[in-house]
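One structure follows; several queries about it will come next.
Labels A, B, C and D are assigned to the chains in the order they are written; within every chain, residues are numbered from 1.
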Amino acid sequence: MESDHYNDPAMFGGCSVPIRVNRKSKPSPTVVNINGIPIGSSSVVIIAGPCSVESHEQLLETAREVKKAGGVLLRGGAFKPRSSPYNFQGLGKEGIKMLTEMRKATGLPFVTEVMDTRMVEFVAENSDMLQIGSRNMHNYPLLKEVGKLRKPVLLKRGMMATIEEFLLSAEYILNEGNEQVVLCERGIRTFEPTTRNTLDLSAVPMLKHLTHLPVIVDPSHGTGHRWMVPVMAKAAVAAGADGLILEVHYKPEEALCDGFQSLNPDEFSRLMAELKKIAQAVGRDIY
Amino acid sequence: MESDHYNDPAMFGGCSVPIRVNRKSKPSPTVVNINGIPIGSSSVVIIAGPCSVESHEQLLETAREVKKAGGVLLRGGAFKPRSSPYNFQGLGKEGIKMLTEMRKATGLPFVTEVMDTRMVEFVAENSDMLQIGSRNMHNYPLLKEVGKLRKPVLLKRGMMATIEEFLLSAEYILNEGNEQVVLCERGIRTFEPTTRNTLDLSAVPMLKHLTHLPVIVDPSHGTGHRWMVPVMAKAAVAAGADGLILEVHYKPEEALCDGFQSLNPDEFSRLMAELKKIAQAVGRDIY
Amino acid sequence: MESDHYNDPAMFGGCSVPIRVNRKSKPSPTVVNINGIPIGSSSVVIIAGPCSVESHEQLLETAREVKKAGGVLLRGGAFKPRSSPYNFQGLGKEGIKMLTEMRKATGLPFVTEVMDTRMVEFVAENSDMLQIGSRNMHNYPLLKEVGKLRKPVLLKRGMMATIEEFLLSAEYILNEGNEQVVLCERGIRTFEPTTRNTLDLSAVPMLKHLTHLPVIVDPSHGTGHRWMVPVMAKAAVAAGADGLILEVHYKPEEALCDGFQSLNPDEFSRLMAELKKIAQAVGRDIY
Amino acid sequence: MESDHYNDPAMFGGCSVPIRVNRKSKPSPTVVNINGIPIGSSSVVIIAGPCSVESHEQLLETAREVKKAGGVLLRGGAFKPRSSPYNFQGLGKEGIKMLTEMRKATGLPFVTEVMDTRMVEFVAENSDMLQIGSRNMHNYPLLKEVGKLRKPVLLKRGMMATIEEFLLSAEYILNEGNEQVVLCERGIRTFEPTTRNTLDLSAVPMLKHLTHLPVIVDPSHGTGHRWMVPVMAKAAVAAGADGLILEVHYKPEEALCDGFQSLNPDEFSRLMAELKKIAQAVGRDIY
């Protein structure tokens, strides 16, 4: 039986799947609800927005374009984990405030990153979904803290985390009582230098096979090239992703962060049309 | 201009693309012709067949199923590069003879691997396309030897080869005068143990961006799991692959090699139907 | 000039070294002082102790053996970052208390891990050196928090971190004003499964070349095999390490964590004698 | 019992060691004899010489310097596997002839690479030891061909090969009857860009643990930096290597290949003196 494969260590490289995230303990897929938007249903959900919240204007203009093109959930970072202390570190609480104003103006709920246990309560109260970024996938105190919430969590795969470690990190959250977890494949680190990361699309069917949690894909960080985002977004939907998270900026060339991998509104709008065809080809639709 | 990106070392990790394979030196896509079957056109070509030629019956039965389901080109190994000297090493020249008989019986042209410079002439005379496998991507005497032919070559990416090295290996072949080269992404080696390799689908748009040569994908070796082959085959077509090479065996559970990643005829037939929809969704069809 | 190499992107894969950790901005080596014990001088410092603090007896017995064999600094974890929520998570504050009692009884200062910004103050007040573990090398709020202290920090390389990212994380600490940072190579993640990690000893001369900060090596996590620790400890000293951090347990077979890679007291004692010879062979001694 | 560890899949990541190379089937270490020079004894053997044979003068001058400093075996490539077809491909048979003349003039035996099955007989007749390079570790026809010889073989680890695959490739040679095989760790490919490869020194004790064959290290390719070669050479001897293979060139700045990682005669001479101390510190000497 195929549904038994994932406990066969010979087939899965020794991967053992912890109990709460394990599909065997809950055969029906989990649908995570973000202010009415379901991730994990037959409809593919598109999350889009800027890498960082930079200003009222930038955020609002980008959000309006996202909404116009059919995006239903906004992404935007206020607390930014940057490799260098000399890079833009995000607007912090002020950025979160701008996001809530954006929501008021456009009706779009949003997901935003939290990096520090001391900020979890604040971010939870002022957002629709909390993101745990790649660099914090192994930050267990943070995972436990968001596990105590009853709020959706977007958990990104660590940049060099195995599938097993990814599932164990999700288990930390479920084990504290929060079952509203969406997993996100965002590229892993390999020896290949032409792409920012190597987008591991096999992780999508593998995770869907092993766990009942929904799985989305981030082709922006996964590739690091704006021109490559649309084609890999389509491949991700063909691979069975329950959603996509895309960097979109109203003026990518002026972005303070990740402009080189952000779509402009026109590119995003064209992509939305193409995604519909792919979703239909695999028996789904775009939410 | 996007077409200039690939000479920008900051954008492409220092990757430099050699002249003969470089898309700049030949903007129109190369179409490789295998006994009338074009790879690199708007039609996606499906190559299918067993990992190894094992017997007349196995080969013929499998070929008939492949043809019935719509496959147009057969794969089958007679000279097998196996990690262990104690594994089945292939039937050698006898296997090649069986392949030519299969072609006579079914009309299907075939691609088969060559590993030894001393065998190039024989394999070239008795096959329709020569495969250089992953383990020989860096075998420069072999690349030069197939470069002297006027016969199509299927060059598989080394299991830990960069895109640049892959293109340089193709350049070895073109530099000897043979331009009939098809590139094949087949998964790279990473730290992740749940899949046999990590299928690097980003390599498809990246290669199409950098070179005029056609690019196909091998989801069988790329994943190592039979159940995962169809979904990743679809993702590969969505990612822009010009073809697929799939392991199909009339009785996978009895295969001497790679049965765990081989589709049976029913699975292959169902997949062919699904691939048509994906191809249409990206403006192509199945050859 | 060799001292210029490290700003040559062609030679160092594009690695750029930030200003405060850069050897060019401070040519003399930094010596970090842990309660009178200098790391970064001509003497190699041996840090040893259990993975986790488990009990008064375990800690005290192990500390006495470490001291008897010549170890001058104890390691021991109270807050443990474990991949699974179902593994022993450490004794927390109670463990820190046991460590301070161990210090009172033996005179050995100690280093212990901190994972949560909310615990930094407490751990700083009750330890001699704070460890930032591999899983938190990218935890920037935590790095900033320990940067505000005037207390030595042991920063371990992330399991997936480049040399450049490692130096940038150290820069976060120095940039907040704390220059008492020791870097620790502890193995990186590769495709090789026979060792827990791949101990990257080249990182020792590379880091010494690029930065003025001291560099130590953890062969216990770096190899994951008790029997391999002594030989790799010797190789690390030959490679120029300023110190070693070793897992030692008075009864490894009963350890709650990492027993398979912990030396017993006899093995540790023998190793100390052998390390003296290697240190002398490279013109150094053991502190 | 430690000697049993290597059949414990839980301890060794599933690595299984084939019978002929397995230390269990032959507990005493194999000593490979190259014209009277033993590799695998208590004495560490230093192999040195240029990457490529470029001219009579270059080869002879370099060989004299190597001999003067205490080197006993020369390395030099005539058939060169180069990533690009536009790089210097070596002098071929002419280069082999120069090597035999060098031997006549200096008395130094030499090791040289063979890449093509058609050249094995010629190279075997005209050299003292055949090298199978990293790019050909998976070239099974070539392994079988050198297995039929009764001549020492230097087998380098593939840049992407696991320890298990490395041992299986050696097994191919032993299985044909040739037991005179020396294994060489030369760095593996990882995500780290500051070194050419990541020198995996843990492979030395691991291989010595699993097999009776001697193990040497190539710190020149392992690091890719001339200044780093001496320190990593010392670390390799501390790690238990039975020998080193070093790139030395009488004028590195004029080398046609790998000058950036080649020692000049003075550097090599100084290193030889330092290696003696390290060898003594681990109870060995330099041959």
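Observations
The criterion applied here is as follows: contacts are C-beta pairs under 8 Å (C-beta built on N, C-alpha and C of every residue); 3 or more make two chains touch, one makes a residue touch a chain.
These numbers come from a predicted model, not from an experiment.
Listed by label, the chains touching chain A and chain D alike are B, C.
Averaging C-alpha coordinates per chain and comparing to chain D, the farthest chain turns out to be A. Taking B-C and A-C together, the pair of chains sharing more C-beta contacts is A-C. Centre to centre, using the average C-alpha position, chain A and chain C are separated by 34 Å.
Mean C-alpha position of chain B lies 47 Å from that of chain C.
Each of residues 14, 160, 189-191, 193 in chain A touches at least two other chains.
Across the complex, chain B meets chain A through its residues 2, 5, 11-15, 160, 162-164, 188, 190-195, 198-206, 209, 222-223, 225, 227-228, 231-232, 234-240, 260, 274, 277-278, 280-282. Interface residues of chain A, counted against chain D in their complex, comprise 14, 160, 189-191, 193. Every residue of chain B that touches chain D in the complex is listed here, in rising order: 18, 81-86, 115-118, 135-136, 138-141, 158-160, 165, 168, 171-172, 175, 189.
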